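Both of the next two complexes hold subunit A, though its partner changes from subunit B to subunit C.
For the complex of A and B:
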């Protein structure tokens, strides 16, 4: 490098440093607004909204984020994410407390929760190890088969999984003397974990692991030619995806105070895929947006139909229609629609050119 | 380094064959390239040059024969293990990460042979890998477009990016697959400069149709024809050889 090149580089680096703001200044305004509203939500929202709508949204959003991480960054569409959540939920019921005291071990939560997550990660690693040898539709089939197998296994195994009944009275620990199943504490607990999940997923997109995962998605052969062990990277992605899915599964179990084969059946497994795709796979926020829409439709579709003077039992039709519209008009779910709106707003209406 | 031997030949192919069904793409290739040697492989289309590269890097396993890299038998190694031992290649048809920026592409190529592959921590600007990536980007004259998404680059710039990625992470031996294809005359001159200015311990094999480039950047030339080695010699000898002229340079008009 000549002296001239060197000074040029120094200049460039100074210029880039001057252009750089403090990290807190670089957070977009939208984040501040949404964050503030979520934080003060309990001051105006009812218990039902806090617990059922938002608590459920955050939990499903976390499980969908685990799929967004695999599918969006890694190009691997898995139907086993709800199964990972279910494994964690079952482990909490089996090693912790429940009404089924012949099976539940009643260990303290600080052993049970990490243990449940660890088992879920090991389970996901094994599933990932099987699934990453396949591509596209075959990955979906393998993970679907695993979801189905786990569902039937829990339903038929009475020694460990208590069969069809599952476990009830699975409550969160009374940490700091707070009943975490009360709407207000539950809202903040799920909000906190959802925010952590979201930020970690966002952060990882530019960290070596996430960047390499996107490289594996775009061009696995080239990644191998750069020295990456593509299989190991994919398996690690499965293992990592088990953490948000497992945390979501544990809180889902606490929310309904029970876990049974119904939680891990095929329908919820597909619902997670729908949430992630309808929300949008290109950014972690899509998982939560999709979960919010899903929860709203699941909760209010019946009321909307009745209000329109129609029979309430056709509510699944309305849900399906809502998803169909989103997928039809956008190539990346609700995020895709948002991008389109933003792009058209930035375009000059006369020339169609992008504005400065 | 796992039985590797610096005094051994950089690359030694023994009885290497590759068959695709009934088609024999490579038959009984015997080739030794010394450490730091620069070798050109010439031959018409379908002579088996790219297949030879694919066997060496492990993209396709050879049907028969053995490959030694600095004395170590790498015939059965998966591609990433060969790369980690210092082998690099560029691709004839660019295999880049078209959705990422130039600097991200080079960064990934530096990351592939580093220990931080699975790191969950974002790199700082002062990170050694980031600095290496920036230096490589500079070296192939892509500094001004470092933040451009690769799909927006010109063809010539994409070829230069390929080279930057092949030079990352202390390579010991590089396979260049037609690096000059589609480049403008100016870009060709830059390419020749980059290749001739590589550190002398860094050997390579270059597949090149442009004789001007190939003969200027190599010490020794191997001619291939129909999956076999047909002739070997110094660049000047090959240029003068009547058989080579008849076969490869199109006969009488030369």
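For the complex of A and C:
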């Protein structure tokens, strides 16, 4: 069989499987439903739900997606993603406007935001260059140590990072005459960036760079033998992951209108890991599912705990237990549990064969 | 050592010079210009001694961590929680019974047994899945930290050492020598807290004992063989699971022991678990994962860096520690004494 025959055969099989549908018809029904609900959400949801629940979900989801990209495609579990987000947030506060006008430069937003992202990418590249010298669990420990170092540094440094207080009154720019901190504009802004992040992460799983990265994850030696520069791919993955993390960090700063060392401390860094792992590292949707659950828990756990007759302070216990249970029973978070359930439903309980 | 000096003559020279300078700084009476340049000798000696004794504490915490990692490739991120729990247990035992020394074995055994439970229910069930083990231990540390906050509150618990250990000890190191107007020479000697010196001596003794057990006994031989090739060891008929449980008991117990020491040195309070987890991470990364002498060297370096940093550049003391880690990683990723 010649190569041409072979490719023709593959093309034919792909076409027959898809029934020669248009690309728009190939989008699964679930996407349409979720997309539609998200678009019309403001018509029935309250401002609190839009701003606090969904705005925060999208932001945390983006930061968790950057971790999912590194860990799921690249096999590098990094705890420094919140640090990247924090760097971007700090840069926006330092170069843009804030109440601390002795440090903040007050430059226009179209300089500040790209500059903040650029600095974040450079920072992530440097961290990545350091972190890829190690593998597996070592990477977790080193990025944890880096996150801690950045936290302590921002807390001690008063010249640039304004120490313990950090920066407050960091507002988004008034673009097109809209106050982007209002719940409705903020909801759509975060939704847009979250969707872009999601689609790019999805696209990258099949793009040459993403495929090479997955190859590096599965067998670095073989990829090196094939002529791929393993280290460069890994460092590039860190640099790339800084973009959604940085965007998320900037919007996180705008949402709470402040940034301080508490934003980048060890607890939030571990929270991002919890979000990504509980959701599942196999698919970008896991990051957003995890973020949604986390935000729901963080917002309503206190009420639930009080209703159960426990003190509201035990909310960290609830999150920890939930995380522990999910990790203990599943090797890929909620997505893993979902797959298992689907597989067992499709299987005949008597013969163990797949049902049609 | 001779091997090292033959292979790296320049580095051996640098190390020898550093040791000589250090000895001079410790024993000589400082001339005026030196005191003007970097402060009084008393401050320097205190920072040096504090650094060394803190290094002893870090060694106790990190050696258990590195032992467990070296044998089983388990990264136990709940190690800091075990440390803090040991501190609380030690406080209550010392408080109820009135015997400070009793706190050590009780804490060692209880925390060690907890470690055995973790080994059986978590690590053995997930053998070979590094990432999942790490994640589960993160979950455990979150839960345990919150349970301890629930049980013990946010207060600082400080174990007071018995009377025969409290108070300063006279050393024969001269901190300053002044000539009074009357012509009489006044010499002041360094006074140092007794309890710190005793605890440091104890941690050195534990370290040496560990080294001896690992290198001179049959059990140590089993452990070392397990570090090198786990599968081959179990194929020879050694009961590897028993060795694992034993090492986990000992490693976790050391964390509990260190907790009692830490609660006497400083105090047991929420947040200390993360602090000591990070410290032991940095120590084993600098020293080399799985190496006991590496843990000792790393602990000494980090303890000294922290104390000298907080005396001479207080703003960036913590950052200095991480800077050491970054430099080691950049030039020797396997750690100073790692293989």
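Simple rule for what comes next: the second predicted complex is superposed on the first by the 334 of 356 C-alpha atoms of A that agree within 3 Å, B and C clash if a C-alpha of one lies under 4 Å from a C-alpha of the other, contacts with A are read in each partner's own complex, and residues count from 1 in each chain.
The working rule: a contact is a pair of C-beta atoms (placed from the backbone, for glycine too) under 8 Å apart; a residue touches a chain by one contact, two chains touch by 3 or more.
These numbers were taken from a predicted model, which means no experiment stands behind them.
Trainee: Subunit A superposed: clash or fit between subunit B and subunit C?
Mentor: fit
Trainee: If we overlay the two complexes on their shared chain A, which of subunit B and subunit C does A:33 touch? Say first, second, both or neither.
Mentor: Neither subunit B nor subunit C is touched by A:33.
Trainee: Contact-wise, after the overlay, does A:160 reach subunit B, subunit C, both or neither (first, second, both, neither)?
Mentor: neither
Trainee: Quick check on the superposed pair: does A:203 touch subunit B, subunit C, both, or neither? Answer first, second, both or neither.
Mentor: The first partner, subunit B, only.
Trainee: Going by the touch definition up top, name the partner, subunit B or subunit C, that contacts more of subunit A.
Mentor: Per-residue touch count on subunit A favours C.
Trainee: Using the superposed model, measure off the angle between the directions from the CA centre of subunit A to subunit B and to subunit C, in steps of 10°.
Mentor: About 80 degrees between subunit B and subunit C, seen from subunit A.
Trainee: For A:331, is the partner it touches subunit B (first), subunit C (second), both, or none of the two (neither)?
Mentor: Only subunit C is touched by A:331; subunit B is not.
Trainee: Does the superposition put A:122 against subunit B (first), subunit C (second), both, or neither?
Mentor: neither
Trainee: Give one of first, second, both or neither to describe whether A:306 is in contact with subunit B, with subunit C, with both, or with none.
Mentor: neither
Trainee: Tell me which partner A:224 touches in the superposition: subunit B (first), subunit C (second), both or neither.
Mentor: first
Trainee: Go through the superposed model and pick first if A:145 touches only subunit B, second if only subunit C, both, or neither.
Mentor: A:145 contacts subunit C only, not subunit B.
Trainee: Rounded to a whole Å, what is the shortest Cα gap between subunit B and subunit C in the overlaid structures?
Mentor: After superposing on chain A, subunit B and subunit C come no closer than 14 Å at C-alpha.
Trainee: So which bits of subunit A does subunit B touch that subunit C touches too?
Mentor: Of subunit A, no residue contacts subunit B in one complex and subunit C in the other.
Trainee: Tell me, which parts of subunit A touch subunit C in their complex?
Mentor: Residues of subunit A touching subunit C: 77, 130, 133-134, 136-138, 140-142, 144-146, 148-149, 152-153, 156-157, 266, 270, 273-274, 277, 313-314, 316-317, 319-321, 323-324, 327-328, 331.
Trainee: Note which residues of subunit C are touching subunit A in the complex, please.
Mentor: Interface residues on subunit C, with respect to subunit A: 75, 129-132, 134-136, 138-140, 142-143, 145-147, 149-150, 274, 278, 281-282, 285, 289, 315-319, 321-322, 325-326, 329-330, 333.
Trainee: Which part of subunit A faces subunit B closely enough to touch in the complex?
Mentor: 1, 5, 9, 13, 203-204, 206-209, 211-212, 214-215, 218-219, 221-230, 233, 236
Trainee: In their complex, what parts of subunit B are in touch with subunit A?
Mentor: These residues of subunit B touch subunit A: 57, 59, 78-80, 83-84, 89, 91, 95-100, 104, 107-109, 111-113, 116-123, 125, 134-135, 138, 143, 165, 168-169.
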